[in-house]
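In what comes next, subunit A is part of two complexes: it sits with subunit B in the first one and with subunit C in the second one.
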Partner chain A sequence: MKNQRKERGRPIFNGDLCAQRMTKTMKHKISFPHMGKYHIVIGRLLEDLVGENGEVLTAPAITKRTIELGAKHSPEFVCIPFKYNLGNFIEALDNGANVLFHTSGDCRMGFYNEVQEQILRDLGYDFRLCILETNSRNRSLRDMYKMFKSLNPQLTWTRLISSLIFAVRIIFAMDKIEDYVRRNTGFAGDDSLEKIEKRFLTEVANARGMFHVGRIFRRYMKELRAVPLDKPKNPMKIGIVGELYVLMEPFSNYFIEKELAKFGIEVTRFINVSYLLFSPQHKIKHLIKQAEGYVTYEIGADGTDSVAKCVHFARNGYDGIIHLKPFGCTPEVNSIPICQRVSEDFGIPILYFSFDAQTSETGVKTRLEAFYDMISMKRDAGREMPEIPEIPMRG
Partner chain B sequence: MYYKYQVMWRSFFEELGLEVVVSPNTNKKILDMGINSSIDESCTSAKVYMGHVEWLIGKCDVIFVPRVVTFEDGDATCTKFYGIYDIVRATFPDANFIHYSIDYDDKQTERKAYKKLGAELGAKKSAVKAAYKNAVAALEAFEKNLESRQEAILKSGDGALKVLIVAHPYNIYDKLIGEPIVRTLEELGASILYADVPDSTRMCGRSKALARSMYWRYNKELTGSVDYYRDKVDGIIFMTTFPCGPDSLAIELIMRKIKDVPMTNLIIDSNFGEAGLNTRIESFIDILEARKK
Partner chain C sequence: MNAYLGIDIGSISTKGVIIDENLKIIAHSYLWTEGNPIGAVKNVLRDLRGQISEDVSVVAVGTTGSARKLIGVVLGAQIVKNEITAHAVGTMTRVPDVRTILEIGGQDSKIILLQNGIVTDYAMNTICAAGTGSFLMSQAKRLGLEINELGELAMRSKNPTRIAARCTVFAESDLVHKAQIGHKKEDIVAGICNAVVNNYLNNVGKGKRIHAPAVFQGGVSKNVGVVRAFEEVLGHEVYVDEFGHLMGCLGVAVLAKRAVDAAGAGSEANFDFDVQDVSFVTRGKECDKCPNNCEIISIYREEELLDSWGNRCERGVSA
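Up next, the complex of A and B:
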């Protein structure tokens, strides 16, 4: 711990850290499961940390095959992120990976890695599994250092900390850009915003250092703002809440945000990596306060968050809320009856989606369309801003 | 409903001079009420729970809904237990509930939780303290008794098949969910051992042999027990309700790790057919018998 504090106190930026590109004589072939666009940062972080001792092999992008492979070897009613992760792992191992990275979590996710390891070993794969703890209870920089040190003997504390901060900087930039695109892409008329975002992602993945990330970010933000938007004064607004994986992995939610944008809706979502890891708003005390008596205690993982954000959206005059979760996700199943109560008390419609390996895309689209029709009719019925009722007192 | 701490609660409340109304054994009607008042993806056990809560409404002054989430050593329960109090409150906004919360992560120890509960019920501090002490003792005696009975079965060499049932107490001791299985097994002449009976602390330690990073207390107990009994029994039956989160992973892991004992996994749903279940149990017993010869 002493060591760590010392390193934190020092200036941590190491300019030419990323200039040391890797040579081709490598031992470890490292891979990790996908989640949305974050493979860019995770790949970059791992590359920086293992340096010349390894190569990062990003798993092939998620396709139908990924989920089929994953579902085939998974337990029957495990939640869907497990199946996606497993599919990613199998495809990565088939491509020659031999070190796999995984995270932990607060719900069932914390136990994913051990079961997945056993399944993959039963399938005859040989690999090493490393776990990046995200659970605040066991999160420790020291363990992380030890783990990467074993992969890369040349690793120093300075390198670890600076790479981490660098990765965090990229995540913040990505999330901010993504947030702007999400809010506005429905009003751009075409996909020009998304194209800009794509270019931004390729460039930021190869940024040379902290300040470079900042420069890239500002340049692209300017470019995004320059795109003319045809946005009405009081646009239709929808908030999205739910389980983090299906929220952040667009493949698993059938690109629901894009579909919504097509209707010309402003979409808001709080959950992203920077929010989950660093936002003071994500602290449980704050959430319970925000949920205004609907929850007394933490209801598990991100369930509390869903309820709190439902209340927030309802209070801020949103037209509707969409709640996403994997089939059988216990924390979110917990949150639904409470969200229903919020919906009733505030008169705000909520649409619930539950995703599994066999959800039909057309079904999702149809339900979205119907939901859109419903909220626009509700609006036309003369209630521009629904009245906010008094919260009934509850024991 | 909650078979694990039933003795403790009853003793606590009765000591404080309160009348305890317990909902009856689960029946079809209670299950149906539960299905109607919970969302369809909720696990069957939780639906049964909701049914019992609904049954109690109007039959007593307050309904006790406990919340037990984390333990001394960082273990936790399934997230269903985290939320059950708030779910019940959201589903039945007009009913009166009383609760306690055992959450060591939040410094809410069991003693503290009972103290608060007692205060809320308007009892004297000293009375609460004594009631708690007696309740703990009652629970301990009850558990010891069960354990020694189980040991006796294990030692008796009457040649009957010994089958270990691995299931959460709230499932296997339930009249509607678990009892049909137990009954069928008894009719077939097997002697039954329950995985939840042996001492919790010891079993949690043992569970490391099969699952190194497990953190659900109740599943840890069961997993440890599987390790403890694996070479002492003829077969293992897992029983879980659809779609139980922890079980979905824990059972998969155990079944993949243990290769030398016959195992079967029975998944109970809210619209089950008893005949199909019986057939499966019968054929499993047949396999065990054939193997023993």
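Up next, the complex of A and C:
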């Protein structure tokens, strides 16, 4: 049976070949890499699907140790998300995990799991690696069912579908709350919005069902809206674009959104899990249309998205754009010259960051501070000298 | 007479100026940092104090450069600003119509684009410190030269050696090789100057339109060989101010003045030069409350804790 599978060209990591190596009596201890706050919902989903047959061991939160471990065992020139993932895996395995979950991706990320599995096996760890396919072309419920069935023989189709829908509902609620907090936390005066979000996350992780999630979401949204904001009518606005991992994992971008909020800036970011997986806005056709005049063909991975969103931010009167990428990220490197043209055409400044394991925090802060100074001086000049007609940027 | 003090504490050198009400420089100083920012600042202060008359009173202080935070606390600065803003403001007080600022310092290099007196874009070297002053310094040492001899020597070259500009490691191996096969010293030095310029334009200036008037500053602007290389590549004159190395501290002194002016009369502080006789101690400690191991730095003035930083959460312990 298993050999047949291999012949049909299925990657062996996807099947349960690895499970053979594990003793059958061992209880599954499941872990997965971190990305932002999503460990809450992924942990909950896995718990629901595996049931009594296993437990979920969330990897310790990312710290300097995580990235040191990851960087130590990674190929030097691999992009930074790989190093974080590997560090998470090592810390999880050291805590006793024996089943690891990972996703796939459109760029180098698609090979992460294979290389990481090899590295971890070479280090002497014994585990099973399961892939949650996120690419819509390869996403298959049947494969997913089989994978979870091998972990949990009691799993039914109803259970799988309802757990997935439940998880998606939580993701949407989380992303909406996070979006509100990101836009407004710079005007709350303290971290009260973030505190509310933190309480929301703990509560939603233990929600009893779909409707309960909805009730929790509405209650917290109301609470968030009740926090008085000292927000000017036309606040300084910055859009963030770039590679998905460094956008969504604040540790990897030196908490750039928080730093921006401290300056009293409204921060907008499109990329989050619900946007990547489900938004019609993220469909390539739509993106190319949005980036009309700049992109004719797909750049690959999220490069097209970066250009399209730069155009969007420029058209909607944002004060600046920040572009984040891991050092050596090919799709984003390709998008930069096009973003630079958008910047010239619309006269909107773009600040570029490349992150790797040793980027200095002070360097990031210095550049952000200068960026803020630049856009605020630009604004002040616009306000003080209204009689000077603006030079049209495009003919 | 009211005056304003600006100090720029860079990785390699520490610069200080005192300006009067009309933004005129009345005292300036330029010394090596030598890995001891507090000591260097004390020396700069001593130097500056010797240049001003008794009736000058410093009413505001600004700091910039990589040690701006530390020195800002030590001196009780009214304003602590990043290098980019400080340089832009400083240069505009000297050359009001400047469009492009090219800057190569000891450890960093940056480009600032301006339009109608407003910064419109900037970039700074991020991951790599290739082609900065410290590279020139180590290569001067290798060739047995003083750093300030490089420029004059490069000007004598008629046939600059080609040296790889992409990366200093490659450049260095190129350099060693070319020296060993008999290239003349002045040609090699001119080659290094060209490599610095090409590296800068490829790494920092990439994709940016460089408009005249362009001002070149930072320590490396003292090297006439690099200035010539810039002019050849850009095809227009590159202006080097006699105070080019002081733009950062000049800018932050101007910003300190603006801060006092904006706060209105009565906000002037009286800066006491005797701070140079006070002992400041910094203590570093790694917090061991979680694996983040934040490196916490605390600064003490005569055993009294002034400030500490480096801590990322509420659990941090003071050093």
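Rule of thumb we're sticking to: the second predicted complex is superposed on the first by the 356 of 395 C-alpha atoms of A that agree within 3 Å, B and C clash if a C-alpha of one lies under 4 Å from a C-alpha of the other, contacts with A are read in each partner's own complex, and residues count from 1 in each chain.
The rule is simple: contacts are C-beta pairs under 8 Å (C-beta built on N, C-alpha and C of every residue); 3 or more make two chains touch, one makes a residue touch a chain.
Just so we're clear, the structure is a prediction, and the values are computed from it rather than from any experiment.
S.K.: After the subunit A overlay, clash or fit between subunit B and subunit C?
M.R.: The answer is fit.
S.K.: Which holds for A:Gln340: it touches subunit B only (first), subunit C only (second), both, or neither?
M.R.: The answer is both, since A:Gln340 touches subunit B and subunit C.
S.K.: Go through the superposed model and pick first if A:Ile299 touches only subunit B, second if only subunit C, both, or neither.
M.R.: first
S.K.: Touching A:Ile256 in the superposition: subunit B (first), subunit C (second), both, neither?
M.R.: In the superposed model, A:Ile256 contacts neither subunit B nor subunit C.
S.K.: Mind working out whether A:Ser354 is in touch with subunit B, subunit C, both or neither, as first, second, both or neither?
M.R.: both
S.K.: Touching A:Met35 in the superposition: subunit B (first), subunit C (second), both, neither?
M.R.: The answer is neither, since A:Met35 touches no partner chain.
S.K.: Could you say whether A:Phe327 touches subunit B, subunit C, both of them, or neither, answering first, second, both or neither?
M.R.: So A:Phe327 meets both subunit B and subunit C here.
S.K.: Of the two partners subunit B and subunit C, which one touches more residues belonging to subunit A?
M.R.: B
S.K.: Is A:Ile271 contacted by the first partner subunit B, the second partner subunit C, both or neither?
M.R.: In the superposition, A:Ile271 touches no partner, neither subunit B nor subunit C.
S.K.: Could you tell me if A:Ala97 is touching subunit B, subunit C, both of them or neither one (first, second, both, neither)?
M.R.: After superposing on A, A:Ala97 lies clear of both subunit B and subunit C.
S.K.: After superposing the two complexes on chain A, what is the shortest C-alpha distance between subunit B and subunit C, in Å?
M.R.: Checking C-alpha atoms only, subunit B sits 5 Å from subunit C at its nearest point.
S.K.: Quick check on the output: what are the common subunit A residues between the subunit B footprint and the subunit C footprint?
M.R.: Shared contact residues on subunit A: 327, 336-337, 340, 354.
S.K.: Enumerate the contact residues on subunit B facing subunit A in the complex.
M.R.: So the residues of subunit B touching subunit A come out as 38-39, 41-43, 67, 69, 74, 78-80, 82-87, 89-91, 93, 96-97, 101, 103, 105, 211-216, 242-246, 248-253, 256-257, 267.
S.K.: Which of the residues in subunit A end up touching subunit C in this complex?
M.R.: Residue positions touching the partner: 60, 63-66, 327, 336-337, 340, 343-344, 347, 349, 352-354, 356, 359, 362-363, 366-367, 369-370, 373-374, 377-378, 381.
S.K.: Per the contact definition, I'd like the list of subunit A residues that touch subunit B in the complex.
M.R.: Residues of subunit A touching subunit B: 75-79, 82, 106-108, 110-115, 118-119, 122, 137, 294-301, 303, 327-331, 333-338, 340-341, 354, 392, 394-395.
S.K.: Can you name the residues of subunit C that touch subunit A in the complex?
M.R.: Within the complex, subunit C touches subunit A at residues 66, 81-85, 116-124, 126-127, 207, 209, 290-293.
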